[in-house]
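The structure that follows is given in the form of structure tokens.
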Amino acid sequence: SIKLRKFIIFPYDPRYRIWETFLLVLVVYSAWIYPFELAFLRHLSWELFLVEIIVDSFFAIDIILTFFIAYLDQKSYLLVDNPKRIAARYISSWFIFDVCSTIPYQPFGLLFKKHSDGLAYRMLNMLRLWRLRRLSALFARLEKDIRLDYYWIRCIKLFSVTLFAVHCSGCFNYLIADRYPNPAKTWIGAAIPNYRSESLWVRYVTSIYWSITTLTTTGYGDLHAENPREMLFSTCYMLFNLGLTAYIIGNMTNLVVQGSCRTRNFRDTIHAASQFAARNQLPKHIRDEILAHICLRYKTEGLKQKETLDSLPKGIRSSIAYHLFFPIIEKVYLFRGVSFTCMLQLVTAMEAEYFPPRELIILQNEAPTDVYILVSGAAEERIEIDGVEKVQGVLSTGEIFGELGALCNVPQPFTVCTTKVSQLLRKTGRDPILSTELTGKSLGTQ
Amino acid sequence: SIKLRKFIIFPYDPRYRIWETFLLVLVVYSAWIYPFELAFLRHLSWELFLVEIIVDSFFAIDIILTFFIAYLDQKSYLLVDNPKRIAARYISSWFIFDVCSTIPYQPFGLLFKKHSDGLAYRMLNMLRLWRLRRLSALFARLEKDIRLDYYWIRCIKLFSVTLFAVHCSGCFNYLIADRYPNPAKTWIGAAIPNYRSESLWVRYVTSIYWSITTLTTTGYGDLHAENPREMLFSTCYMLFNLGLTAYIIGNMTNLVVQGSCRTRNFRDTIHAASQFAARNQLPKHIRDEILAHICLRYKTEGLKQKETLDSLPKGIRSSIAYHLFFPIIEKVYLFRGVSFTCMLQLVTAMEAEYFPPRELIILQNEAPTDVYILVSGAAEERIEIDGVEKVQGVLSTGEIFGELGALCNVPQPFTVCTTKVSQLLRKTGRDPILSTELTGKSLGTQ
Amino acid sequence: SIKLRKFIIFPYDPRYRIWETFLLVLVVYSAWIYPFELAFLRHLSWELFLVEIIVDSFFAIDIILTFFIAYLDQKSYLLVDNPKRIAARYISSWFIFDVCSTIPYQPFGLLFKKHSDGLAYRMLNMLRLWRLRRLSALFARLEKDIRLDYYWIRCIKLFSVTLFAVHCSGCFNYLIADRYPNPAKTWIGAAIPNYRSESLWVRYVTSIYWSITTLTTTGYGDLHAENPREMLFSTCYMLFNLGLTAYIIGNMTNLVVQGSCRTRNFRDTIHAASQFAARNQLPKHIRDEILAHICLRYKTEGLKQKETLDSLPKGIRSSIAYHLFFPIIEKVYLFRGVSFTCMLQLVTAMEAEYFPPRELIILQNEAPTDVYILVSGAAEERIEIDGVEKVQGVLSTGEIFGELGALCNVPQPFTVCTTKVSQLLRKTGRDPILSTELTGKSLGTQ
Amino acid sequence: SIKLRKFIIFPYDPRYRIWETFLLVLVVYSAWIYPFELAFLRHLSWELFLVEIIVDSFFAIDIILTFFIAYLDQKSYLLVDNPKRIAARYISSWFIFDVCSTIPYQPFGLLFKKHSDGLAYRMLNMLRLWRLRRLSALFARLEKDIRLDYYWIRCIKLFSVTLFAVHCSGCFNYLIADRYPNPAKTWIGAAIPNYRSESLWVRYVTSIYWSITTLTTTGYGDLHAENPREMLFSTCYMLFNLGLTAYIIGNMTNLVVQGSCRTRNFRDTIHAASQFAARNQLPKHIRDEILAHICLRYKTEGLKQKETLDSLPKGIRSSIAYHLFFPIIEKVYLFRGVSFTCMLQLVTAMEAEYFPPRELIILQNEAPTDVYILVSGAAEERIEIDGVEKVQGVLSTGEIFGELGALCNVPQPFTVCTTKVSQLLRKTGRDPILSTELTGKSLGTQ
């Protein structure tokens, strides 16, 4: 329904979303290939070279595309589709980083410098890891997406960060060993004397194994730094690991505390109720009733809707009330002939509440207070005469009760008890508008 | 008291509970034996083979039994005993997994393939670990059981998970070493050259020792991966350990935070009170009284029953009030002759409160507000004349006080102070119904 | 002041406290010596033997003494000095453990069995570690003692537990190695071939070093299990360490979260205020006033006494109010001639509040609400005429202000502003009793 | 603006701040050089000796300077510039420590003892680390500075502490090895036989590498304690590390819990709203409106200013209200001719609230309650006739609405809905002063 200028793309356009998802796959590929290439592939094969150029060109296209994507202004919360403002915003933020992480440095290296190695140019390739900010943005978005479980999103994020740290440090550590003048005085050379003749697979697995052994602080010691250069790198990596491990534990603690919150509350409530029953030597049937009530409340916790409704603004709240309750109130015998305006005010003023089954809503002989309308579920009227309780009538959807007491100010003539999970509308009987209208009506009907 | 269809079993039937507990023992046995068998027992003895078939048949019986167990519907919270609905629910949920984890794969292996090893069939045995979901369900239930201490249930759960992880990974690591072509290039072969001739006990303990050394990240290094296959397994295991350790620490933190919550609150309260007393230079006897009060309140925290009562629905609350307080109120001299309906309303409206000993409830010359009835404990009336305080009378269970002030609107003529831990019913004197009845009565008695 | 039966000792008696403290020193000694003796001292010297017997006899005396110590009943919170009840309680709780941990097993060993070793009898000595429950009780008490810092008590407790675990496991591990048939296949024998000829100091330090290396999961690997027996012990110890480490981290997290709570709140408040000022472009002087107020409130947080007072029962609250405020109120000109009873009610009903310096209490032309009495500190009256503000008068302790507005219902004629940290009593002017009395008085004085 | 005595310096003087910052640089230098010098530099070069004397003299100057710095009294919160009180405070607190950490011990050592080593004098140099308290004070101040991110300040602090611990223990461990009689039986001698001939760089890196390997509990085992002296040092260091690691993890957990708090609340709110919509089968447009509202509220959370305002004292609050709203209220047609005093009270009593765009403020036919004045943003009046809604008028800054309903007590004639983020002043119409004035005015104008 939102109309944008020509050539400007809506940021939530499904096709653009597909393009973004496709780029994320390339980002994951980049995160893996560039450190690996730097460490293990002295001579890049033509196939891999071609793949890289294709990947880079996709990101180049994305840079151009970004100039045509509308964005949501952070101050006014309105969509901006002015190409100049889009361009100004992009250039002043991440444009320069995006460009730097897309320039194909290696072909330049091949062009200008003829010697086989070109470590400097290959190091520049590491700038491509800037692309990882897309993954970081993705996780920030997924964390707020309630269709996904927060716990698992956080776990996957932490796992990805850990894997990337392991991969990178494994590759860099191999690079340091590989470039060291004396192969015997390197961490890998000391363990596998002629390691360069081993397959790529063995060398990569060994690197990753060293990396994870260090990250988890297991430190078997079968592979360890042998020269000052490696010691320095290990030192930095271990300092980083200390932070990463603390971060992982901190996150896990956070998730565990949140996860156990509900069980804890349940236990505390049950515990307090049991102690209360024991101290007062309540008879068994009352004790069971209390515990059953708490268990049910815990299970139907999702039914608590009062908090949700209260936090919404008045406008939305009254559309909800109108949508949900007007058709029911309209048909209540008491309100026939009441003016539309008054009915509207009534609907907005009533409070909807859920009751579990077997809960007493009003008690016989109780002082009169509120009027109730049954929206869903079922209830029954019970009357106790000479100590014998019998069911007087069954209430179904749309019926009103408690009105006798509330309007005529006499004690409730019977007990009302739910028989299913029921939704009720509650209204205090002292409402001036209602009283006036009803009094008027009753006078009229008399 | 719940009547179910013929042949349908009540899920909380004690005999079914015993059957379930018996199965849990078999689950623990399965969790231990299958990984062990896979790694260490190349040739299964006939005794063990028989035991396995018996264990499997018990689980097969349980699958059939499940078709006859009523279940609690998650929406209506009613027990379903319709065999078709029971079957539909089971088949659409876990039936297929249960069957797969019960089929005896190894006899099939012996039937079809004649060669001694049959690793594929033995790997299928690992599907039996699906049975562990029963343990997981058990712990979920135990955590909500308030007769057990939450702290220890969580600790035992974490300990079990850790033990299982240690056992499994120890077995798998041995399996990898055992199947490796070059025994000298394995983690165990490098440490114990002719390890296959060692006893089963030595090999198992060595495996477990490696496993726990890695899990706790101690990593002595006396046993460590020697070939890429083992390195890969170690890498995966260490990554898993990172998560498990973080999870254990997270849980422990959660438990510690909860456990120290009460002590912390106590300290904060005492600290604030001491500071307050010091700042205002309160005399020592008032200071001691304050601290004694806080200590006692902390000790009698279990007596706080207001919160428990308030969270219960009105129906339950009034049965409790009726049960606890009606016999006492009936006998109060002030309420003799008051109508039953009025008494009922009175009982429901009164608030029960606990007072520690030596607490002043009403003060001489204080403005009149509430009426109190002593339910349990004891109190004394004190009167101060010309600065000398003397005990006027002793109040025992069922006595009313404060009524003179509240009903006649004069300052309290004496101080009332508890002498034991006492439970009191409080009623504000301005209740219209009570006032009307009492006025009527007093007029009548005049 | 508490009178107990003859020969019964008051549990908080200073001399008994000294005895308890003396026993704690012996407990610490026991905790260190018994594991050490078991592992390192094959032949006990006569000096040490004598010391042990003396220590044991002190604990034997304490067992006898416990029968004469009154105790606090957990239900009635009263001190019990009935010797029979004291004995019954002790015998039914810890008596048997205390006796078992005091019997001198080793002399028995020397009596009955003549061979030099008697490991069984020496193991029984480990029962003496039951005495550690005294330390545990001490820490539970210290944690609630507000004169000590909670943070450090917890840290010392965790440190003690860690040290004890390190000491014990070091000793036990040495014991296992020492008793192993083949000294070369032990953890210490593999590292120091002729370790038995080394001094006791070297052997003990090496054991402790292994123990701490394992506990902190450093695991250098220079000392490690060599035979299945040691592997089993290491496995158990590492499992225990996992729990202990998690417990230490959990406790530390708990302490850090508590400790940073106040700084966090301060930051949040300041941040919200700054944002508010920036958004509304408030002039600099208002902005500075806001921030100064928040900083001051943060520093004087200890002055918040309302919460402390509110949580106390009415009796204590009114003695405090009487003690603190009666002498001041008595002298206020407005209340001269008011009856004592009325004054008493007034004192109890007034709320004491602290105000930081430079805070406006009432504003010129503001609607009248409350009466204030200055208890401590100082304030000044300012009047603004034609936009020029000038100081009208200085208020000192015991002066009343705001009474003109509150009683005569006219807008406040001047602004009142504190000049120091001031304590004020606030009273709403609509109090019926006060109004009546004052009106009566003013009518009388007219 | 604050006037101090002659020669007394204001503690927040920018020049003094620069001096303090300069000293901090010297503190960092001291923290690095003294442990390094102790361990690695047997013979101090003349250049370094000179630098040290210069550094010490700067700190000596600071000691003298401190006698001239005014300080903030912790009780009265006033600046003290009395030289005697400044001196008394400094001498009774840190003066002696500051002097001890500034005396040049090494020259004394050279003077009195002629032998080359003088370890005792060099150990005294460690007293200079007392200067680190300045860094600790700096971090305490930075943590409260809201211009900086709390998360990063804490991280940098923890990182600095870790680095310092690594550096110190690396140096001390080298010192122990260096002084050990048998170089082959030291941790470094066992790994690098002729380590003393290695360059300073190699020895320092190796020490740091050992230190970090131990601190992070990686413990490769390539470098480890070889003699009891080193074992003792390692034991102490590992115990310290256990505490430090727990402290780092505790802090990180604290930061993570705080950081994720907002996202968690957002998720919970959205989740509850979605469930509510699904359960009640609300039509899609209402559901979208609810979710859009919650998202917007989350984004504009910074706009919540009610809490900020409520926590401020009345004086500041009314200056803010006067500054922000008086110019707007003055121009409202309804309040023309109202007395200045009344207007002032009105401004203070009104509540400012932010509304996101598209929110309904008053509803057509709703019962009348409040009067609103639009301070910023925009709103529109909508009227629904025969089910067709049309925009009646557009409200701009300074306009009042709802006054018809509130003052004349008739249902609202139209709906008012915001079109931008708007700030509104709300006033309940039942204010007695306002009503009186307005009635008077309207009577007058009639």
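Odds and ends about this structure:
The letters A, B, C and D name the chains in turn, as written, and every chain counts its residues from 1.
Assume a contact is a pair of C-beta atoms (placed from the backbone, for glycine too) under 8 Å apart; a residue touches a chain by one contact, two chains touch by 3 or more.
Keep in mind that what you see is a predicted model, and the values were worked out from it rather than measured.
Looking at chain C and chain D, the chains that touch each of them are A, B.
The minimal number of chain-to-chain contact steps leading from chain B to chain C is 1. Two copies of one chain, chain A and chain B, touch each other, and the residues they use overlap weakly: the shared fraction of interface numbers falls below half. Taking the mean of C-alpha positions as each chain's centre, the chain lying farthest from the centre of chain D is B. Between the chain pairs A-D and A-C, more C-beta pairs are in contact across A-D. Inter-chain spacing, taken between the CA centroids of chain A and chain C, is 39 Å.
Per-chain CA centroids place chain A at a distance of 27 Å from chain D.
In chain B, the positions touching at least two other chains are 217-221, 245, 249, 251, 253-254, 257. Partner chain D is touched in their complex by these residues of chain A: 76-77, 143-144, 146, 150, 214, 217-221, 224-225, 228, 231-232, 234-235, 238-239, 241-243, 245-247, 249-251, 253-254, 257-258, 302-303, 305, 307-309, 311-316, 318-320, 323-324, 341, 344-345, 348, 433. Those residues of chain C that touch chain A in the shared complex are 217-221, 249, 253. Within the complex formed with chain D, the chain C residues making contact are 155, 159, 162-163, 201-202, 205-206, 208-209, 212-213, 215-222, 245, 248-249, 251-257, 260, 263-264, 266-267, 269-276, 279-280, 282-283, 286, 289-290, 293, 296, 299, 355-357, 359-361, 363, 365-367, 411, 417, 420-421.
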